[in-house]
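Below you will find the structure I want to go over with you.
In this document, chain identifiers A, B, C and D correspond to the written order of the chains, with residue numbering beginning at 1 in each.
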């Protein structure tokens, strides 16, 4: 078997990505504050660290602290020199083609975001500007397929799930693939990988031309959630909110598998949008599903939603237990409704412009102690606003558990403090306790200390 | 979940297969003796019966006795009307694309073999003629890829293997696919399906263009071994010997997974050829492999080979236990030797003309009682001849267990009678007993009665 | 500028044509009576002699009598060694790609016709058999495009026409190409080349994918009418009648430009078929057209047809003078009628099975003195039969003027003798005299001696 | 025949260009000062006015003053409504596909230039910035083909040349195409169209995949020089200097056919660059060629160059008369030197970064009376500076003859005044007089009044 080790290699770009200017190469090599080197190195490491079981950014960065990437500045084309790269990206010393592609898409996106978007879209509101930036990044990454009927299913769920749950995501992916649906996930293992594997087999049987396995990531999460090389369109959005917006504007329906707090956060994001009055009539299939034995996760989430936002919110999703075929059949019906609506309203198939995403959901949320303390987890505000507040609370908790700056902030300053209505706070606590009980939190369950403290106000 | 049921559907051909003449359509509709209808119906049923667990032709034919296929004679193109077809071939009422392709490749091959080959190749010996017919069938099916470096790995093994063995074949297929090898199997489930599934995932990661999953079948076996829809090149050879010749002339290396008597038969076929003096210097990688826990199968086979044909025969193969990575690395080395040899000897990459296949291995063996009784299982003949005799003995036993006419002959006339040297007969008996003990025979193990009787002469 | 000279070169096949068996290579090398060498050499020479002004087979063969073609028998693929090949096929020593393709299509067709067709189609009448053989040759050459709406326009006309006429054929080809029609001609210069050149420019403007420039030839005519390298599908039919049948079954409409006796012969062939009672309702656009100044040719032909077969025959065609745009618009309308009819009658788009071609038009006509003498150029027989007889008369005259055996027969035995009704014979004589006057016969006009003698009976 | 008329039509975009944001659509519809409507309308009109004989922008604009283009704002994709569009862009009421592509490339380029480039390339000098902007526009238009060996031949020359000259450009294009070279011109008829037509025929014969016919244009010139629909990559650069820079950085060699003052201007541009000391060792094939009978043009230019810049400048080009084959053979040799140099110096194949283009050649030159008066046409400055000054002088003269603002300025303020050394001024006058004598100026030769006046200083 293979011994884990490090590999040095030179990697040349794909032809379509091999037209950098010397100016761009210089920016990628620039180790100064405004330069892209550090971000580029971190993202490349994540891409190379495929199949890794490490789910903490810090652990990954630490393990491969000797990793370096040098951009040989050749006019004939750039060449990446990889030093002490993770061996898992290579087969017999040669880089896996899918990973090679990922390296250069990272480069493409980092350069594009840095260079060309800062001044875009004069005359628009900030919210419109963000929507346009997401659009432009996706278009620049050739992620738009105009005139293709709605068929892109977003799969969310935990990256660290049980074997049976993982196998279930493969079966759902297989049923989706049999119906020629494309798959979009957030990159990483678990529920982000299983549906793609299942769909790959089904697409082969259906001889699907150009099947799409889209991975949407962002620099803060990529290190802990390496894209699976099956992903054949990797787009690195600049922050988590733009990544979420990309999911809901590019995707035509969403399936949520069991996960942890991060998955619950995504559910709240989606619910908050769908609950907004402007989106009331826009069809958007949203299915929660898992295998027999995993019912508890969605029961927990369902109870939390009903208790906090209210029972009407539950009309926006459907829970299906242990029936991949049913999931796919329901998704097909949902996508047909999406198609009909887009035709009727002259909406494009490739980007859901009509969907209103409140500004609250677009603003990057920096989950530091101050921001967490200022969250307003109270009733008496529109339900979509409450959903946004709850999502941020969960977002902060995920950060405190997984993301480097969050973990460090907790170590330094102690747990976040959250305030709100008593019953909402109680529901939140129950939700998180249930996640711990269900081993849904990426933590040492025995000596788990929550990264938050509920301060009932 | 899906209830098993029957489906009626109209299927139009792929464009490339949609140029039949009225004369050809008439032949496919012809239910008379010389007509193709019955053969065509049987093969189509097999193709449609994908994923079936039934491994007896008779059971399949019986279950779908109401199945019918009508060829609507339209000048604009043929159309197949399927009546009472197995539901497993359909998704939401629409035929799986891979199966649609298979239907029309069957049609292509049956027409070609019937029509154009009878008079071919005047001036050649019978052996050369058979080799040329196999070549022409493969070429007509576009299965030749000139100038592509040797990369086609044939996988043999049982279609009814244990879960762990099946998973192992997927892992091996994955490692082969990571190295961009194409896969060729005999169609059906088990060891014929696993490597293709594994390779499909790896090929997706490697972005392999036009990956090949070749299935070679023949009318007598197809009903019990439905091609997996992943198979994207299905070729139906006219008989089992031409199918075997297609494997060894088209493939560049062979991996054998655990199986039963049929697999042992294929091993003997291959060994017989490689042992022929004319083939002495032709490199042909041959690897037997299985997961931990399945060592017994190859130990049994290895012991049998050494005891009957002799220890030198064991130099022609390598046994690797529980190491998919090693299997792939060894196969890569083997294929490089094949490449070097073909370059050196000006042999084509797409068809192994040089390999000498003795006439004994090409003649269809009709495993009836008389033919079985006439087998000469004795020492004192060239080792490759003995291998041929042993293969036929096993072939008859597989027929008696699985194939319709064989099973019926046994029911009618009692077990086959085999004669030969005492120790060879003993080895054969031990081999088959071990297979029964290892549950390697597709039989009711509790009330198993062998379909053969050893008559030591 | 280039000095005319000879080139030696090695040419490797296109991949799709590089799967010959050793047996097939041997046949191509076989210089014995039944072998293909002589035919293959002659056809290859013709293909290489592109752009030649020599329009006599004998002159071509004589000029390149040192030409030889050797087939290097390599297992890895055949290789053609060209010795003393015409320099016009090469650019800076490298063969023009289109010509390289032609060489291997010739090889493909000669092998196919020789090998696989002799025994085909048992149970059919001779006429049906011929139709099926033409179908199979075209299918084997991948010339069928099922499901593509009728868009293949056959262009007939002289290969040795005036500059203004040639430019006019380009303009018509351009207008056809603007409407995305594909072009099919008989190979060679003049009216066979112009429409393709014009269409090439228009197809480029229309971004037509896979434009088709089909050349149908046969061994007897190819040497004098080298295919233009623009031809991207060259099919070599075994004789002139099968070539004509290929034109009318594959093509969807026909445009006839000015030519000579050969063109008139093709017109009679087509008219004879369209006049057959069984074909009465089958739409088949047939347009005669030429530039201002060339009206005389079609006036002559039109007069001849009305005088011999009768005025009703003139309803089958339309004459358009000097209006490429009108020709294309009329052809478009005609093809729409063809499409409607094929839909209505369930006829395929790719092969006109319904068209009845009387056996008289299918039988190869060997234009020797005896056969010419036996022609019955009299009234009192069905008009399509008379058309067939007149066509043969013209066919013999073309042979006597252009084709090697015909020319030699005339030299040896004197002119052919033709007999028939006085007024028909007179019309024929007037037709041919007018062709001589219009310089439409490929002869030395000053000392022209007709190769036929009219014996009024 | 077709009567010239106007057409109304709806045109949908190509898929790859159909992902506009509502914000972008709004900009194209914006008729205000900063909006793109007027520019877009003018460019679209030019694109539609294909094959026009009108070579004055004003005449074009006047003839089609009723032309309008409306952008239907549909989310599903934009749709262009063309009102009173030139009929020459349509075949039987359907727009020619190549022209449809051109419309949307114009849209693509206008949006890109307007939106994303203003703020690019911080930290670079102005000259570097211009070079990077040209690079980015070309890259955004997918005009880069990394790793393709240098094969792009730029053809310059007059758009209004004699028939024999036009035919000659076709022959040269044919010889270039036979060698698989791609063609890049400045759009329009004459020498910009002929080489593409010739190459199209040759590329068809050579079966060249994806032949490139690149047209580089700019808003000021496009109306008078409609792109030929053969152009399959149209890029609209923002001004004439960036268009010239695009020619020399994208192209690998240049052929100049006879033209007028504009052609002489391009020659001076190229010479000025090649004469710069930094470019001394960079190979750049530059061939002037024309048919027999057109020698005078290059003799005139050659004499002018030697007399003004000096005889050494003549070493940078080669004049070949009436020998298309020789032109192509010399170009092939030149391109091989380019390839060798780029390999040796690690220069990309797709963009000539190394070539130093002095800032003088990059700055847009506004040929108004003041700027023309300030030109310094004197000796005593580096030869490349003098070349730049002379080019501007010619540029102004071309503008005064052809371009709308220039013509109007002349009408208003009288001829431009030019000053410089006596002998240089004399040479310039002789050059222009010779052009008038040779009918090389797009003017009414009988009552020609020069748009400049030489003020010897």
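The rule is simple: a contact is a pair of C-beta atoms (placed from the backbone, for glycine too) under 8 Å apart; a residue touches a chain by one contact, two chains touch by 3 or more.
Chain labels with UniProt names: A, B, C, D = AMP nucleosidase.
Just so it is clear, the structure is predicted and the values come from calculations on it, not from any experiment.
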Given chain A (AMP nucleosidase) and chain D (AMP nucleosidase), the chains that contact each of them: none
Centroid spacing, where centroids are CA-atom means, of chain A (AMP nucleosidase) and chain C (AMP nucleosidase) in whole angstrom: 64
Chain centre separation in whole Å, for chain D (AMP nucleosidase) relative to chain C (AMP nucleosidase) (CA means): 45
Sites on chain C (AMP nucleosidase) at which at least two other chains make contact: none
Interchain contacts, given as pairs of chains that touch: A-B, A-D, B-C, C-D
Contacting residues of chain D (AMP nucleosidase) [partner chain A (AMP nucleosidase), same complex]: 15, 18-19, 21-23, 74-77, 115-116, 118-121, 123-124, 128, 132, 135-136, 139, 144, 146-147, 342-343, 345-351, 353-354
Of all residues in chain B (AMP nucleosidase), those that touch chain A (AMP nucleosidase) in their complex: 1-2, 91-92, 96-99, 101, 178-179, 197, 200-201, 204-208, 213, 228-230, 232, 323, 325, 329, 332
